[in-house]
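Before I ask anything, let me first share the structure, which is written out below as structure tokens.
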Amino acid sequence: MNLVNVAVVGASGYSGQELLRLLVRHPGVELVCVTSRQYAGRTIGEVYPRFEGRKFARLKFTGSDAAAVVASGARFAFLALPHGLAHEYAAPLLDAGLRVIDLSADFRLKDPAVYEDFYGVAHPAPQLLSRSVYGLPELYRDHIRTASLIASPGCYPTSILLPLIPLMRQRLIDPKSIVAASLSGVSGAGRKTEVDYLFCECNEDARAYGIPKHRHLSEIEQELTTVAGEPVVISFAPHLIPLNRGMATTIHANLGPGVGIRDIAGALTEAWKSEPFVRLKGETGSADIKNVAHTNFIDIAWRHDPRTGRVVLMSAIDNLVKGASGQAVQSFNILGGWAETVAL
Amino acid sequence: MNLVNVAVVGASGYSGQELLRLLVRHPGVELVCVTSRQYAGRTIGEVYPRFEGRKFARLKFTGSDAAAVVASGARFAFLALPHGLAHEYAAPLLDAGLRVIDLSADFRLKDPAVYEDFYGVAHPAPQLLSRSVYGLPELYRDHIRTASLIASPGCYPTSILLPLIPLMRQRLIDPKSIVAASLSGVSGAGRKTEVDYLFCECNEDARAYGIPKHRHLSEIEQELTTVAGEPVVISFAPHLIPLNRGMATTIHANLGPGVGIRDIAGALTEAWKSEPFVRLKGETGSADIKNVAHTNFIDIAWRHDPRTGRVVLMSAIDNLVKGASGQAVQSFNILGGWAETVAL
Amino acid sequence: MNLVNVAVVGASGYSGQELLRLLVRHPGVELVCVTSRQYAGRTIGEVYPRFEGRKFARLKFTGSDAAAVVASGARFAFLALPHGLAHEYAAPLLDAGLRVIDLSADFRLKDPAVYEDFYGVAHPAPQLLSRSVYGLPELYRDHIRTASLIASPGCYPTSILLPLIPLMRQRLIDPKSIVAASLSGVSGAGRKTEVDYLFCECNEDARAYGIPKHRHLSEIEQELTTVAGEPVVISFAPHLIPLNRGMATTIHANLGPGVGIRDIAGALTEAWKSEPFVRLKGETGSADIKNVAHTNFIDIAWRHDPRTGRVVLMSAIDNLVKGASGQAVQSFNILGGWAETVAL
Amino acid sequence: MNLVNVAVVGASGYSGQELLRLLVRHPGVELVCVTSRQYAGRTIGEVYPRFEGRKFARLKFTGSDAAAVVASGARFAFLALPHGLAHEYAAPLLDAGLRVIDLSADFRLKDPAVYEDFYGVAHPAPQLLSRSVYGLPELYRDHIRTASLIASPGCYPTSILLPLIPLMRQRLIDPKSIVAASLSGVSGAGRKTEVDYLFCECNEDARAYGIPKHRHLSEIEQELTTVAGEPVVISFAPHLIPLNRGMATTIHANLGPGVGIRDIAGALTEAWKSEPFVRLKGETGSADIKNVAHTNFIDIAWRHDPRTGRVVLMSAIDNLVKGASGQAVQSFNILGGWAETVAL
């Protein structure tokens, strides 16, 4: 297999580490550059002892400088930066002809006004929004193939969109009735040294947060609106639960008039039956985090509640894989012409 | 303080243990009888080493026999049995003049037909249903005071009813629009030796289950219906999360026409402001399990979502305390004339 | 019961919180002052929502100023400060006639040279070392009763000294052969916002650390040396394990010539049989953290290994209770003339 | 790559599952038979939903019958059975010409008398003991290559032997002085439905067990004795800690006369420097479970304690990988002529 040169910008967080884990396994990748302000000058193996003895363990982190990334000869760059910083790299890297896969939320919204509404600041590089493709392969595979800038979606949108999109497309549910609750492992909050994420603050605890207007609602609603052809606004309740990785989402929605559970099953099957990473668990199966942990799968199960006229959709993903780095690698495989499941 | 003789029937599960922990601290209780088929002949301290050195540690478990309970001289009996067995003890104990606090679901429903619908078998002692009082002190304090049979509610109903009741009473929300998601610690499943509850099956896992018709929906809807004065049917999604004890519940409901967040705050405050175990955390506070763990408190927070017109209610309890044994002791305090907070 | 005025200096860490939890339950305590640089001006209930609705919840934190503590009228002061700061408070508080219970390691060593050897700096207030009493009630109850400065021992020393002291006293084991391994819950590391103590760094992880010369070895060896009447140096391996609270310690030592397991059992029984917080579990029992969690007990079990000629001692405590705040309250009870078990 | 037919006998426990996970990734393996009494007739994907969508997911479990295994055409068979059952399969499979890799302890001891001493029953097939090779590749790679029966060691022996063997070989430590403490994740106890392994019994708990004569001591001492050329008896304290997978071991031993830490480092480096799965972390590194989780690595660190004259060795492995299934696959790779790291 021909090797392509790849850079990872900002590899010091949990999704950065997971990205390295996957790229180590990728037979087509030559990792030529990893950047980290904090760890510049030290090798991957020194910073993350879990990688010692693995491929690329001796590669040194460089400071976070777009010119250095370009100079490394990388043709693809993953950006695994905190929200709000990606544009500083994306613009010069794109100008230099690299193809960029951004794991942050910075390029996921099409409308700068929506960005400002949810993020509280003007978008720093609105001109890039029109170039970017929302990197959910199940929805935008063909656009991804030829894109130069991928805005790879995170865990909440992925776990909510994949169950809902087929139902919205066929207008099987009432868009106004959607209520989603998600349970996220603590790695979803990143590797921040804040009291809230200390072991003793999270262990034996669980709580809802970010209600009612979590930032990622903006992209969820953008994509649902596109599919529905009408403005969609939903309720979303994220929760933090005490596990390292994984996300379970449960969604309630009113069925449209005359819609039955067979229509639901049919729509999901038709939409996702050929997808390599979507597993449909049906009306009796369940969506358990442990079955998707450390994989790029999303498991989707559903139930009909004839008492309320609602459908209940359940999904499970690994927030660091299908909800972050695995999804980014899936897009990378599409971009680079590899089989979509390589390294996943 | 005068001592009263108390029996605990079926003290071998997690709520039984928690009950013992609380009764040990109760200055008015003389524990005269604990029963357990499995542990008959052994002392509390032998079976549960955590109680060694504590009051009552040398009391021996007797076999599970109602006559023995009566013979022990107990005037109050707690029943901490698996669902479906309580009636075998409740009837003879009531006949012998004891006051009975049952922690199971057996006497919580008023209508035997609803019981049969949700539990799949005919109620074994329907005549007792009319005698029982639903043991939620915040709702039925006055009835509890003079009752002989208390049906003490469990964790799901408690965590859902206390936030919703004040809103239903004042018709602030649309009863048809209620969607509740609850996250339960594993002790909620009891001390069952099943693969599903092994450490390695629960740790680093989370999942929804029992959707769409969990048994405890029946009592939740019964109480909401009573308050609303019209039949209420809701959506309910229980989830199992990897912690020992605690429950977090998030409820969405459509606000009625013209209803604002002040009405919500007002209704909750008016209803619960004098309750010793309800803490209202308001529109900015949160409902975290760690703040209620090992206590009898329920924390309730709320948010208005003007985008969807919904109110979001969040509650947190310790499933073994306010969601089981603490609640039972609270009722016991009311029955026995102690201050409601004794031992809690 | 007469109330005495009590202050807690530095109440913002995990042992500070646990101290508050215990003092809230103490019928003889009027909490008149809590200090915290970080939280000055806010109430206990605001900073720690778990205390809302409890006694003292509305008491405000004051800045960390010894004069303010004196002015509060406190007659007893607990110091729950990071190591190295206690002397700034102890000296003026003692001068003002308060009795001081320090939870840090600052006054536990008798020899300033040993302090400097293990802590790397000269002791800041060596004159206080001779005034302080090592606050292990099982060893120094009579000294504690009349002391003005208590140096309350932490979790590692407590879990190692209580099993070993009786054996050393009777010269049943070879002092040179002692090897102790301890497993500590993460709260033992304090409430530090460092990457190492983030949930995702501790969960699903365990590791030895601080080998071979952990700071607390100094006080362990000091006390063993005192009992043995000859210099004792031991091996000690602390480990961090993924739970909030608790410590399990396993100690190996060579039995002296002719010593049998009955001698071991005899020495432990004779030494601790009347202690309210020591539970001897014998040759078949075990020392499980879950049996001591949230209590002031230490459980001690032992085994004879005829193959190696060693005795194996196992102990379990709650690191925040018998290993910190519970032990301090036990000393406080002795100082103040309450029953030793009050609030514990 | 040529495919070889492989069978897994008894694939329903945790090491069986992990074995399947690794074999799915192995490019040289055609899985032709999996057996399980409990799951006969159901597919791997049905029983373990995590494997759905993966290679071999549709293979059905057959009943546990040696003849069926032979009939499947398998040339290699892994046995992942509870202790004591392996001989029922090993004998007929060997007779039929298969090469057998047993993950249990059944064929690890050379001396049937030692087996009876530690296991309490006579060995059921002593004639097989002389045919088996102890499957620790770092020790017996050449024997493994041509063996027909591999007795693959488990987690405790692996984590203790690899740090100790080089020091024993060069007589750097006093064999009589060895004290080992190991911390094991709960999966090490297997997938048993016993109260002791329920989530709520293990979570927030830790305890020593199996002291002083854990069964696996027998094979540890056998191997140490072989290397030392004299009988070696050690102290060993296993502990259960609340995580799914992983083992951390800390070993103390007295250094021989004149031996320094450079000798220790030298011996370990010389012995293991070319091993693909041994990572030497030196005198400043640490042995953390999280760095080896889900990998076949063993990390080994060490310290000198001049105060006691001891060396302290620390190791970390994933108990299900290097401590079970990964190690078995490593031997399989050697047997089959693949690169030793394939699938690992």
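We call the chains A, B, C and D, going by the order they appear; numbering starts again at 1 in every chain.
Simple rule for what comes next: contacts are C-beta pairs under 8 Å (C-beta built on N, C-alpha and C of every residue); 3 or more make two chains touch, one makes a residue touch a chain.
Because the structure is a prediction, the values reported are computed rather than measured.
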item	value
Between the pairs C-D and A-D, the one where more C-beta pairs touch	C-D
Chain B-chain D separation of Cα centroids, rounded to whole Å	46
Distance between the centres, which are taken as Cα means, of chain D and chain C, whole angstrom	39
Centroid distance [mean C-alpha coordinates] between chain D and chain A, Å	37
Multi-partner residues of chain B (at least 2 other chains)	201, 203-204, 242-244, 288, 290, 293
Overall pattern in which the protein chains touch one another (line/ring/star/complete/other)	complete
Chain C - residues contacting chain A, complex	14, 186-187, 191-195, 197-204, 242-244
For the chain C and chain B complex, residues of the former touching the latter	49-50, 52-53, 204, 276-277, 279, 281, 285, 288, 290-295, 297, 299
Chain B to chain A touching residues, read off their complex	176, 179, 181, 183, 201, 203-209, 211-213, 233-235, 237, 239, 241-246, 248, 250, 252, 286-290, 293, 303-305, 307-308, 310, 312, 314, 316
